[in-house]
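Listed after this line are the structures, all set down as structure tokens.
You will see chain A twice below: alongside chain B first, and alongside chain C after that.
Up next, the complex of A and B:
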């Protein structure tokens, strides 16, 4: 594919230790567009290998506002069906720039392994020494081992290693939108992590027109956003007012996903004065609230607001999905909740639910199109202009091919 | 024309890196920009580095520092700056894409 995507996608067979580069044909993109839709086509093609498909949309890693999204597609241990979870933050963008817009990971490795994708190279790396390490240690070790602190990681902790449906695939140190127990699939495959970093470049067919349209769209996005960020902006998560007040005493800075104008993520500092802006020798001062609906679930279960940051951190280190384990923490104080998480990482089961797209972001009629386009679903829920018609117009300009709004439907 | 950095407004989205790289090469990448994000992720410590002809602007959360060529910084941002040293300096282009695509006004053009 000449435009907006990389030339190849990758099919990884963990059983044989082989990775095959496959040309991403124009016809395949014309038919399946990208993101969750193209992932689904790859899933069907390789379903005998119980694949986990990592993919990007046409606008991932571009200047289209919200163009951060990668998508994980696999058969969910929670729902029993094929489902799609978001990759927010920077990993989706970095995946595409590593040289592979899509990666199909099938079968099971004989020994713990991590995949290191960089500059159109796929390395299988022995992860025996990482098995048993928590998520934060895993991130630090792999970044140190590969010598780059901008490496983005999708990894599992103890919960994933134990193949629990409450496990999630983590995004660097933080939880992301995997409500489907995909962390258990990494555990089943003996796959500790996928690390991505790249110096790739994406071409655009009519670059001038694409930038003009994108800048016009950015104006609409900025107008539609509430002018708030972080804790004040997460009206889609049901956070009680008294909890908000308590959380504000720990509040540090807000952060955004890659090229996402909507900074809905925020950092709680509880091992250091949150007003401290310098980098100090406190190595782990707090936690990024990357999953506001997970936060709401913990608060609803009764986790005290002044302890919820530490509970989040512990769940993230263990690779547990906070929303899936929240009810198990009901009525527990901080110490009891932290202790309970240790046992939940050994044995727990997520409550069943029906969904195709992760209930991590607020539901909207633009969610499906966003998952195909590679646009943050949280941002898309806020901005009407981020719709299938707009995506079709932009993709036609960017690729020189013809797409209509129906292309951005599953 | 020059670029002024207000690190307090930065949300670390990296749109400036994409914009500047596009200005230089007309492709989407983050690798050829004169502006670069840095991040100590576990500490929520992040900001912007802008390489200029004779110095570098370090837009750190605690304030802006101008680092002259050959000077060492006492902050970790100095260590993170190494990759940008290989890049082209900002050429003070007009109507700069890093500014146009910054969603928060963290980068602005000044005379």
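Up next, the complex of A and C:
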């Protein structure tokens, strides 16, 4: 594929330690477009290997507003069905720019392994020493080992290693949108992490027209946004006003994904004054929350708002999905809740919970199109202009091929 | 484009003391269609390879280190090359090295007395970048009034070219090709603007001096910088004046890699180079003094980025005429290790000058190896039939490098 995507996708066989580069054919993209839809096609093609497919949309890591999204597609240990989870922040963008728009990970490694994808290189790295380490340690060790702090990590903690359906695939230090227990699949595969660093470039067929269109779209996006960010932006999650007020006392900053004008993530500080904006000696001052529905679940379970940050931190280190374990924390104070999380990550019993297509946004046609296009679904749920018609027009300009709105439907 | 008119055999010095600016020549020559380009170091010069070249380029860098590397024999070989009809192009360090600008000059090339207006016993006060503003020379100092783009003129037209330490020269009118005409918005002043103006404007930025049967073309600014197309065109006009006449082989490829072998070789180099450039991309505010030259981390990044781009181009070629592929892979691996060490040592607040010196040498050699490969391949394109001649040469299949006319 000459435009918007990399030339190749990668098929990794963990059992043999082989990684095959496969040309991403135009016909395949014409038929499957990208994101969740193209992931699904790859899943079907390789389903004998029980694959986890990591993919990007055509607009991932482009200038299209919200073009940050990567998608994980696999058979969910929670539902038993093939499902899709979002990869937000920077990891999706970096995945594509690492040289592989799609990565199919098949079978099981003999020993703990992590995949290191960079500049069209796929390295299998022994992760024996990382097995048993928490997510935050894992991120630090891999970044140090490979020599760069901007390496993006999709990894698991103890919950994933123990193959629990409450396990999440974590995005760097933080939780992301895996509501389907995909962390357990990484554990099943002896796959501790996928590390990516993207320094590649993408070509666009009619770059001038594409940029002009994205600028026009950015104007529409900005005017449609409610002008809110962080805690104020999560009006689609059930969070009581008094809890919001308590959380605001710990609010340090808001954060946005790659090229996302909507800063819906927020960082809480509870080990130092939240108003301190400089880096200090306090090593772990707080936590980044990008999961409003997990937050809502914890509050609903009765976790005190001023303890939520530390509960998130513990869950993130263990690689647990906070929404999935929230009910187990009901009625517990902070210390008891933290101890319960430790115990849950070690348990062999999978917790039953309801999985949803996205943890972030209500289900809609626009969200579905966003999962195919590589656009942040939270942003897409807020902005009407981010729809299948617009995506089809942009993709036609960017690739020189013809796409219609139906292409952006599963 | 008349490719035969650009068949001059050009040797670019990349040995001791050369900074990264020789890569600008590579990019610009490639864009202009000069593909008969070779990279030579102090050992090559001392061994007499210059007799096989039409033009020898001494690019920017540290003239003290260049002179130290070339030693008496190398300097004499360059002088002989010019006197016997060769063309010498000096830029910045290559210019300082070739002229006499002090009554008691250091034993450099010293072709001709050409005073410079930025030598002083009592230089003006620096207002920024003190660490790279001044270099001591004998009883005084060579100082650098400005950095970045400025205007130069050949008397009829003017264009922009960047200056990174090159001299304003005081030369007889008949020698002058270019003069400093003025500054630009992006000119960075290292001393007060009025003093910079007094030091630079109206003085020679480029001179041409016949020496024996040969020619010297000496420049202060970097007309070879690929982001300055009009300056590049000026350089092109200088080069096409040189009549291609050098004979004899350049360096030859020892291996011609095709198919899987080619793919494996490039993948191995890419693996290490990718890791290296990822580490380098995360480095900030590192600076080393190697000889008299200050090296910042972004220069390492530049080397690695340009080398990376070359690999991407080599991937498109159907074969790779390469000299010592396994050595290149080892170099790439060592570069990766050195960068990793530098990162660790820097975090601990320890000195990394030794590692940086080795790193700079190796990045230079790896770049050279891959550019050699690139030009070996490209040279076929201007041969009459554009094909291998099929002869054996030095253990490898000849890529027509035996015919350099």
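By definition in this document, the second predicted complex is superposed on the first by the 399 of 410 C-alpha atoms of A that agree within 3 Å, B and C clash if a C-alpha of one lies under 4 Å from a C-alpha of the other, contacts with A are read in each partner's own complex, and residues count from 1 in each chain.
Here is the rule we go by: a residue touches a chain if its C-beta (ideal position, glycine included) is under 8 Å from a C-beta of that chain, and two chains touch if they have at least 3 such contacts.
Please read these numbers as outputs of a predicted model, since none were measured by experiment.
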Next on the checklist: Let me test your reading of the model: by the given contact rule, A:279 touches which partner, first (chain B), second (chain C), both or neither?
Outcome noted: first
Checklist entry - Which partner does A:254 contact after superposing on A: first (chain B), second (chain C), both, neither? => result first
Next on the checklist: Just to be sure I read the superposition right, which of the two partners does A:123 touch: chain B = first, chain C = second, or both, or neither?
Outcome noted: second
Checklist outcome for this item: Per residue count on chain A, the busier partner among chain B and chain C is B
Next on the checklist: Once chain A of both complexes is superposed, is A:185 in touch with chain B (first), chain C (second), both, or neither?
Outcome noted: neither
Next on the checklist: Quick one: is A:149 in contact with chain B, with chain C, with both, or with neither? Answer first, second, both or neither.
Outcome noted: both
Checklist entry - Of the partners chain B and chain C, which touch A:199 in the superposed model: first, second, both, neither? => result both
Checklist entry - Can you list the residues of chain A that touch chain B in one structure and chain C in the other? => result 149-150, 199
Checklist entry - In their complex, what parts of chain A are in touch with chain C? => result 118-121, 123, 146-151, 197, 199
Next on the checklist: Quick check: in the complex, which residue numbers of chain B touch chain A?
Outcome noted: 11-15, 18-19, 22, 25-31, 39-46, 61-62, 75-76, 80, 97, 100-101, 103-104
Next on the checklist: Taking the touch rule as given, give the residues of chain A at its contact with chain B in the complex, in rising order.
Outcome noted: 61-63, 65, 90, 97, 136, 149-150, 172-173, 199-204, 207, 211, 215, 218, 221-222, 229, 252-261, 263, 267, 269, 277-280, 282-286, 288
Next on the checklist: Could you list, by residue number, the parts of chain C that touch chain A in their complex?
Outcome noted: 267, 270-271, 274-275, 277-279, 281-282, 308, 339-340, 343
